[in-house]
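Listed below are the structures to be examined.
In what comes next, chain A is part of two complexes: it sits with chain B in the first one and with chain C in the second one.
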Partner chain A sequence: MSTAQLTWTLFRKDVAIAARSREVLGFLVIFSLLCAVVFAFGFLREGRAAQEHVPGVLWVTLLFTNTLGLLRLYSADEEAGAWTLALRSIGGPTPLFWSKAMLQLGFSTIVCVVLWPAVAIFLDARAIAVHWTALALLLGLLGQALFGALCAGLLAQIRLREVLLPLVLYPLAAPLLLAGVKVTALALDGAQWPEMQSWLLLMLAFDAIAVVLCPWLFARAVT
Partner chain B sequence: MPTADEGETAVLCARSVGWACEGRWVLLDATLALAPSSVTVVWGANGAGKSTLLKICAGLMQPDRGSVELSGRDFADLDPAAVASRVAWLGHEPALYLDLSATENLLLSSTLMGDPQPVARVLAALASVGVAVADCHRPVRGFSRGMQQRTALARMAMAPQSVWLLDEPATGLDADGVRILAHILDTARVHGRAIVVASHDFSFLGQADAWWQLRNGALTAGQPR
Partner chain C sequence: MPNRHRTTPLLSWALAASFALCATAIGWVFWATPIDDNLGIVQKIFYIHVGAAFAMLLCMVAAAGAAVVDLMAPNEPVDAFGRAFTEVGLVFALIVLTSGPLWARKSWGAWWTWEPRLTLTLLAAFIAVAVIAVRGFAAGPRGGRKIGNALIVLAAPTAYLIHIAVQKWGGTHPQVIQGGGIANWQMRLAFWGCVAAILAVAFAMVALRGRVLRLQTTVADLQLERQAVQLRRARQQAQALSQTALAASLNTAPPA
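Let's look at the complex of A and B:
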């Protein structure tokens, strides 16, 4: 059985568990909206929301929400020792990593689909060059899912993981956050490909490194 | 201690295994050789290192000294997945996904072990350990600890691996469950499995081929009195 088949098996299991409990995705969506509302109130100036804060609010809210989701990413595997079962599969730990990264990407994409329009409405943003922002979000969420699945997996058995996860993840996610904010700000200013090219390529390169490095590190660390 | 000949014919052989925790040697010089079609009991006081020894034999932990060999090949030279495909493990916890049903858990584990089973075989395995048909499709979160352990035993009964390591397998089982466990071990031995059981409950282990007491980090032959 190939790694891809085992990954698909574990991913379907994760989706089935998420669909049955439902709580995680619902909480993430509500948390992200609350976060956006708090930011919107925080950036009110003379009764008007400041549009220039849209990129920061969007990306920081996504990072906070993803952190919350990552803390629950391996919870079903930790219960009753199921973690050992998944790690000892014939494909080793790699399918477990990929299934978790896919699940996290799915969660964060759903949150993003709800959050993005909400932030635009709360902060009164114009819908300009949406496709560049969408591309940046896709690359940013992919990178966050890969590094997030790695960090959450490595810390899954550690008592202080709630505290340690942001400390480990945020420095790793910083380049993606910076580039994502830049691309979103440029897109809102009506900029085109030549101006945002370097930032998008940086995100792409970062994701390419994550695709190779994260599963390898995960497999090395958990075995 | 196993002789050199026993070590050569063994399916799994742990040689002078040592493991230390916070400066204390939990295992000092544990040597164990498992022959096909045999049941070996490892017993000893709480904290003697029984679970640690089994985890090392399952490839879940690495020894600080000594080695473990599978059919003559050192674990260090084997892929962890290759070890998992030969060595089945049942730890203190039942290792079940609590939001999945008993049937889904067994289908999942058989697929992860590279030996996907049809639903009919899974249902038969669950029936053989006394899980009612109506319970087979309920999330195991609603099961009692004993029923979860029976589900884990059904998974073990389907395991294709040649070496079985069971750590306190009678946990949570009632008298009927213990009889089922004894039957599963007996059947597995007849089918050539090399089985190790670490336990405090010896009532189901009358048919064991070897008894080893783990004391002061080393194994010595002998039954409990």
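Let's look at the complex of A and C:
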């Protein structure tokens, strides 16, 4: 079996477990909505929340929700005692990494599909240049899923991983967050490609680094 | 038997010389360089700030290089010096992040601006803290070694972005070296003297810390070896006792 076939098999297995247990995704969606509501409370001025807070609330809520999801990303394998077996399977640890990154990307995309309109409604945002925000979200969630799957895998066997994961992940994901917030804010202001080009290219560069480095580091460091 | 782990006289001399060089350079900064017309006495922070930023950048790049080498082919001295570079890099990042706002308050009118180079220096410092914390929480001196190395390799692109941030994004950070240099020869001499002195201190600190970390690993190995010997001895004693007890029970058993 090739790495791609193994990755697909592991991904299908993870999706089947997630669909059967239904424990993670539902809680992630509810948590993200609750988090957005709490943020909105923090930004209310005279009963109305200003739309300039939309980029910050959206991206920070997504980061917090992703962190929560990442803490459970490898737990099914660990609880079933399959962690070592999965790492030592025929294809090595790389298919495990890709399947977990794809699962995390899937979770965060579903959360984002629910959260984005909710934040727009809560904070009274206009639907302007939505395609640029969608592109930034895609790039941002991809980078977060790759960095997150790596960090969660690295910390899977370490004491206090719940505390260490944000400590490790947030500085690494911060450039993506910074660029994502900037692109969303520019899109809401009606800006076009030349103004947001450098930020989107920065996100693309980070994703390219993540695609190359994260699987290699996972294979080297987790075994 | 000679103690091969004793701090070598060369290292002690290098450390003393680097501190002496640093003291001389700082003395030159305060007594021999003119006060800047626009910024006043605060401009003298520049001599320390830039040198510390160079040291931080070099330490991070060296730590990333050591991490890559150790991930490809595990090597104890490389790992020890990689950790030392990370820790010393963090010390200099903190110096940069402390001296920067002091200068920025006078120069830009604010303690902190979310300018790309400042932001990424802060992020690099957080990454170094995370790496040190991961290695600290993992069990044993070798625990978290690969994980720490993987994280520091990821920090390398961040260090690169710190270097190119101003040119790429056009931030407000001053570019004294690239932007025409320092006109006054006394200032120029003091600046490069400070850079050389701070780099010398950084490398002396790395050498010393690397040596301490290697000693810690050796001590941990010796403790493990001692525990293994004690366990082996205890097992042999238990086996001997059980054999004696068995022989005694056979001898005292009543005839059938």
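Here is the rule we go by: the second predicted complex is superposed on the first by the 222 of 223 C-alpha atoms of A that agree within 3 Å, B and C clash if a C-alpha of one lies under 4 Å from a C-alpha of the other, contacts with A are read in each partner's own complex, and residues count from 1 in each chain.
Everything that follows uses one rule, which is that contacts are C-beta pairs under 8 Å (C-beta built on N, C-alpha and C of every residue); 3 or more make two chains touch, one makes a residue touch a chain.
Note that the coordinates shown come from a computational prediction; the quantities given were computed from them, not determined experimentally.
Q: Report for A:217: first if it touches chain B alone, second if chain C alone, otherwise both or neither.
A: After superposition on chain A, A:217 lies in contact with chain C alone.
Q: Scan A:160 for contacts with chain B and chain C and give back first, second, both or neither.
A: After superposing on A, A:160 lies in contact with chain C but is clear of chain B.
Q: Now for A:130: first (chain B), second (chain C), both, or neither, which partner does it touch?
A: Neither: A:130 stays clear of chain B and chain C.
Q: Can A:34 be said to touch chain B (first), chain C (second), both, or neither?
A: In the superposition, A:34 touches no partner, neither chain B nor chain C.
Q: Using the touch definition from the top, say if A:82 reaches chain B (first), chain C (second), both or neither.
A: first
Q: Touch check for A:121: first (chain B), second (chain C), both, or neither?
A: neither
Q: Per the contact definition in the header, classify A:9: touching chain B only (first), chain C only (second), both, or neither.
A: first
Q: Scan A:209 for contacts with chain B and chain C and give back first, second, both or neither.
A: second
Q: Taking the superposition as given, does A:110 touch the first partner, chain B, the second, chain C, both, or neither?
A: A:110 contacts neither chain B nor chain C.
Q: Where on chain C is chain A touching in the complex?
A: 71-72, 119-120, 123-124, 126-127, 129-130, 133-134, 137-139, 144, 146-147, 149-151, 153-155, 157-158, 161, 168-169
Q: Touching chain A in the complex: which residues of chain B?
A: 58-60, 79-81, 84-85, 89, 91-100, 104, 108-109, 111-114, 116, 139, 148
Q: Can you name the residues of chain A that touch chain C in the complex?
A: Interface residues on chain A, with respect to chain C: 147, 150-151, 154-155, 158-160, 164, 167-168, 170-172, 174-175, 178, 198, 206, 209, 213, 217-218, 220-222.
Q: So in the complex, which bits of chain A are touching chain B?
A: Chain A reaches chain B through residues 1, 6, 9-10, 13, 16-17, 20-21, 76-77, 79-82, 84-86, 88-93, 223.
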